[in-house]
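Pasting the structures here.
One chain, chain A, links the two complexes that follow: it is found with chain B in the first and with chain C in the second.
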Partner chain A sequence: MKRLARHPLFWPLGALALLLALNAAFNPGFLALGWRDGHLYGHLVDILNRAAPLMVVSLGMTLVIAVRGLDISVGAVVAIAATVAALLIGGAFNAGGEAASEHPLWLALGAALLVAAGCGLWNGLLVVKAGMQPIVATLVLMVAGRGIAQLLTGGQIITVYYPPFFTIGGGFLAGLPVALWIAAALWGGLHFALSRTALGLFIRAIGGNPEAARVAGVRSGAITLCVYTFCGLAAGIAGLIVSSNVRSADANNAGQLLELDAILAVTLGGTALTGGRFTLAGTVIGALIIQTLTSTIYSIGLPPEVNLVVKAVLVFAVMLLQSADFRALFMAAQR
Partner chain B sequence: MSDAPIVLQARDISRAFPGVQALADVQLTLRAGEVHALMGQNGAGKSTLIRILTGVHAPDAGSIELLGQSVAPRSPLHAQELGISAVHQESHLLPNLSVAENICAGRYPRLSWMRGGGIDWRETRRRARELLARLGIDLDVDQLAGGLPAALQQLAAVARAVAGDARVLILDEPTSSLDADEVRALFELIRRLRGQGVAILFVTHFLDQVYEICDRITVLRNGRFVGEYPCARLDAPGLVAAMVGRELAGAVEAVTHAAPEGAAAAVLSARNVSRRGQLQPLDVEMRGGEILGVAGLLGSGRTELARLLFALDERDTGDIEIDGRAARLERPADAVRLGLGFCPEDRKHSGIVADLSVRENIALALQARMGLRKFLAPAEQRVLAEKLVAALGISTPGIEAPIGQLSGGNQQKALIARWLATHPRVLILDEPTRGIDIAAKQELMNEIRELANGGTAVLFISAEIEEVARISDRILVLRDRAKAGELPRGAGEDAIYALIARAAS
Partner chain C sequence: MNRRLLPLAVTILLFIGMATFGSVRYDGFLSLQVFLNLLIDNSFLCVAAVGMTFVILSGGIDLSVGAVMAFTTTLCAALLRAGWNPYATMAVALVLGAGFGAAQGYLIQRFRLAPFIVTLAGMFLARGCSYLISTESVPIDDATWVAIAQARIPLGFGGSLTVGALLAIATVLAAMRLAHATEFGRTVYAIGGDENSARLMGLAVNRARTGVYLLSGFTAALAGIVMSFYMLSGYSLHAVGLELDAIAAVVIGGTLLAGGVGYVAGTLFGVLILGIIQTLIAFDGTLSSWWTRIVVGVLLLLFCLLQRLFEKRSRRLA
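Now for the complex of A and B:
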């Protein structure tokens, strides 16, 4: 039991279980799963589906934080990617009155991801080559990115009518949401890259002591650059999921405050904000905690106005639970 | 002397950390107006004992009495309030504050509420000036602490430590970054404080300093109390024997020279390397199987040379050839690829990655050299680390323990292991013996000789001229950031000193 409590995922998992139990208590049907229209159906599936974009963004954020960085532009990159994809697909109809795509779907998606990765690369260059503080470097794109997206759309919400595009954020594969498969694939791919190549060791070395890593011959600059680029790419993927899900691109609101939720998910999962120590699984759990929290607030019938306050209080409680110092204090008080 | 009143008495102090019993039943008695040396090898428990006295750690067992009252320091601040202050190796002054602000930090005098209730800066400066005058330190209190030389910072740190009416002053390796004159100034201050009745605990690796300033010695070994001795009754060989637990047959036995007599081919040859403000253009040639010693005073360009050769700093001029071919050497990653290794002077800051395990720290450079795609699987890392830990006699609870938990000497050995794993052609060692006790030093010197015998070209940098003279096959002497000359093997310390001093005379 003691060893269990010391496992890094113990507290995040506990918090998630507690939240789920709370839901189940308020809403007896909460844990029920059904089969409808050829896919799984239920609150849990819903939460997983809605959490997917946050998971994807947070996975990228985890690596950035692990190398002592921060990327607060991910929300803006989500908007940019969504806008690029929506613009390239366009709202055209063919002669039969069916929705068509102006450009091939693969081109639209590829271009959106390329632009997103380019945004990440830009952030990385500012941090690595220009030596800017990560929060300042990414602040540039956080502000400018949304502006660019709005310029591209002319301030309008762009609606997409082309059904194949909706699969990404609304479709199902083997009974589960496609978005969830995307998040899972990204997680699996990252896990493989970190545990089966030297990337994991390098990232932890860079985060733990950048100067020592450099002296040992680790190419810190190149790796950090890749990490930021990947974070941009992940935000782009999330942008596609989000816009596909709502069948439109809203340059103003897509991914709004997502950067903060992502940082929160990473922290809740147990990744150290000081760099070096990180956990992908923890981040996924963190994202689930945040999404479950949002769902909980709606399901137990709290008015939406208190949403943020309740979220803050619960996050505060979870953070306290995760703090070793607080637990020590608590134990001491009990004795 | 023994009738001086006892200020602090620690009895039967024990403390365990996961995997190690850091202290077991340790005794320490400090008397008013005495300087007390705390001696022991790396890992003997000195740091842990200091951390317990200053409230960083709580002891598992044992008691501490201060002036006959039982005390239990809860934090460094609490310890200070009790009258126990400490000054550490690197002084912890805030570089962006003035000397006065540093000295009074945490206990600033306030203005009365009538005058706004803020900090009384005039009084702050007055108090600082008064304190420095009382201690005989000549220092402008308005100067920024960060701009002061290390030695003056150290003096200011001592002043701050005793500002709050300290009964016990702990000096943890205060002299390790000071030169001879600066040590003298510090000792003058210590003597003055001793005269004022402060009980001083002095931790150092320099035996001569112990005999110069201390009255009494407590020796620890492997976390256990070996004994307390008046300095007059324990000579240096006896002290070393007590520290290492055996009679060291001449702690300074000569390192066997087995280097080839004939001129081996140059492995690395650097021509005209320079960097503005750091090193005048100079040539270096390193040969396989040879130890090239670098001697010079602090600031002579020793470390700067090493950093340029390893491409840690960009050189303004200079070409480097490896095995006779011009090498592209723009950053450390290139150096590692070319078969160079570098153990930096500052272990904590640019050597170890404290959070990573001993295994990962050892595997890091080899993995960096192999690149991202060729992965050294954990199982292979384990085999490698186990082998090197055994070969170098690194004492660790296990290869999975975070390297930060190891003592300084063992961290140093692990760093050397990191480079051994890459089978380097050239290994640059910048102050590899700094902060390491005598026995470990000797072992390390033997390892370095072994390495050279295996064909590696070694660059050995040390502030201790005697060490350079003892181990080197050839000695490069630096003075004022330029080459002062080169000496052949067997050149004594006197020849080195003569070269260093020539300009001055």
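Now for the complex of A and C:
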């Protein structure tokens, strides 16, 4: 039992189970799963589907935080990627009155992801080459990014009418939401890359002590650059999911405050903000906790306004539990 | 010239340059009232940015500023609607703001938590509390409050200022004194320079660290009151993202984000530069509002790069 409680995923999983139990107690049909229109149907599937963009962004954020960084521009990158994709698809109709795409879908999606990865690379260059603090370096894009997205759209919300695009955020594959498959694939790919190659070790080394890692021959600059680029790419994928789900790109509101939720998800999952220690599974659970919390507040009939206060209390609690000084205080009181 | 004054000089030159550009390019730009309006329209940002300057000087960051301002406007509007005395309302708002900041500061100092995360949670909490008070915009029609909001103090030559702008100027002056002529101010600079050295020197590091966040909470509440004069309403969605503008103003004002170097006066010019960008775009008439964000982003980038260059050079000299 003691060993179980020490497992890094014990507390995040416990919190998630508690939230789910609370939901099931208030709403007996909560855990029920049905099969409708050729796909799984139920509250749990809904939570997984809605949490997918946050999971994707948080996975990128986990790696950035693991190398002692922080990326507060992901919300703006989500808006930029959504805008680029929506603009390239456009609102064209063919002669038959059916919605058509101005450019092939793969080109639109590819361009959006490329731009997003470019944004991440830019952040990485500012951190690695210019030596700026991560918060400041990404603050630049956070401030300017939405402006750039609005510049591209001319301040309008771009609506997309092309049905194939809706599959990403609203479609189903083998009974489960496509967005969930994307998040799962990203998680699986990352897990493989980090545990089966030396990359994971390098990232832990850089986060633990950048100088020591560099002296030991880890190419910390190049790896850090890649990590930021990946974080931008992840934000781009999330942007595609979000804009496909709402069938439009809103430069001003897409991904609003997503950077904060992502950092929160990473922290809740047990990744240390000081770098070096990270857990991908924890981050996924963290993202699920946040989404379940939102759903819980709706389903047990609390006003949605409470959401932020509950989130704040949750962050304070997690922070204090992670603080060695707080635990020391607690232990001293127990003795 | 003192090398530490260089970023401040660049900021002031940039402001003068932008003002000259506007005056040459646009008719009617060069008037006393246009420049006084810079202060009037950005008075709440100025007050909030002054508190942020101290936080950044100490090497920290405060993301809760905008949310505390929104909370203050909704609280004031709700209390006034309930028939409270306006001055008692102001006092309660200021005490709550300072207390909120002090609580955040205590957590950061006592448990060595990251300021970024603590004030992020504080931002959720303050914004959430203002939602709990009211999700809709509450108009303020208290006679005293409206009278203060509409008062114009003539300065001669056809120019005038609002009470909010005067409060902003008073805050800047008081903060300059606090930063450069008190024990607290010197301690804040010392913490930003090197916390361990400051501790070894016997400075009251813990007290100053909590005090910095207390001050920031207080100025955020004051900024909220100034904003409620400006808007004459309390709304939980007021001042969304204002903390970023405040941070941008501090950085453009020449304060190093690593802490320890910077001037309150620079922050005033940082705020004025943000204001003059908006004024220039408004005078131009053909540029859209999102250019403001892009220009602010570019300026932020340039100033950070300048600071890095500056740091590298001074390290080589040392």
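In this text, the second predicted complex is superposed on the first by the 313 of 335 C-alpha atoms of A that agree within 3 Å, B and C clash if a C-alpha of one lies under 4 Å from a C-alpha of the other, contacts with A are read in each partner's own complex, and residues count from 1 in each chain.
The rule we apply is simple: a residue touches a chain if its C-beta (ideal position, glycine included) is under 8 Å from a C-beta of that chain, and two chains touch if they have at least 3 such contacts.
Owing to the predicted nature of the structure, the values given are computational and were not obtained by experimental measurement.
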{"item": "Larger contact residue set on chain A - chain B or chain C", "value": "C"}
{"item": "Contacts of A:A137 with chain B and chain C, given as first, second, both or neither", "value": "second"}
{"item": "Which of chain B and chain C A:R277 touches, first, second, both or neither", "value": "first"}
{"item": "Touched partner set for A:G217, first chain B, second chain C, both or neither", "value": "first"}
{"item": "First (chain B), second (chain C), both or neither touched by A:M319", "value": "second"}
{"item": "Which of chain B and chain C A:E305 touches, first, second, both or neither", "value": "second"}
{"item": "Where chain A meets both chain C and chain B, residue numbers", "value": "none"}
{"item": "Footprint of chain A on chain C - complex, ascending", "value": "61, 107, 110-114, 116-118, 120-125, 127-129, 131-132, 135, 244, 247-248, 251, 257-258, 288-294, 296-298, 300-301, 304-305, 308"}
{"item": "Chain B-touching residues of chain A, taken from the complex the two chains share", "value": "196-199, 201-202, 204-205, 208-209, 211-219, 276-277"}
{"item": "Complex contact set, residues of chain A against chain C", "value": "70, 126, 130-133, 135-137, 139-148, 150-151, 154-155, 260, 263-264, 267, 273-274, 305-313, 315-316, 319-320, 323-326"}
{"item": "List of chain B residues in touch with chain A within their complex", "value": "310, 312, 331-333, 335-337, 342, 344, 349-356, 360, 363-365, 367-376, 418"}
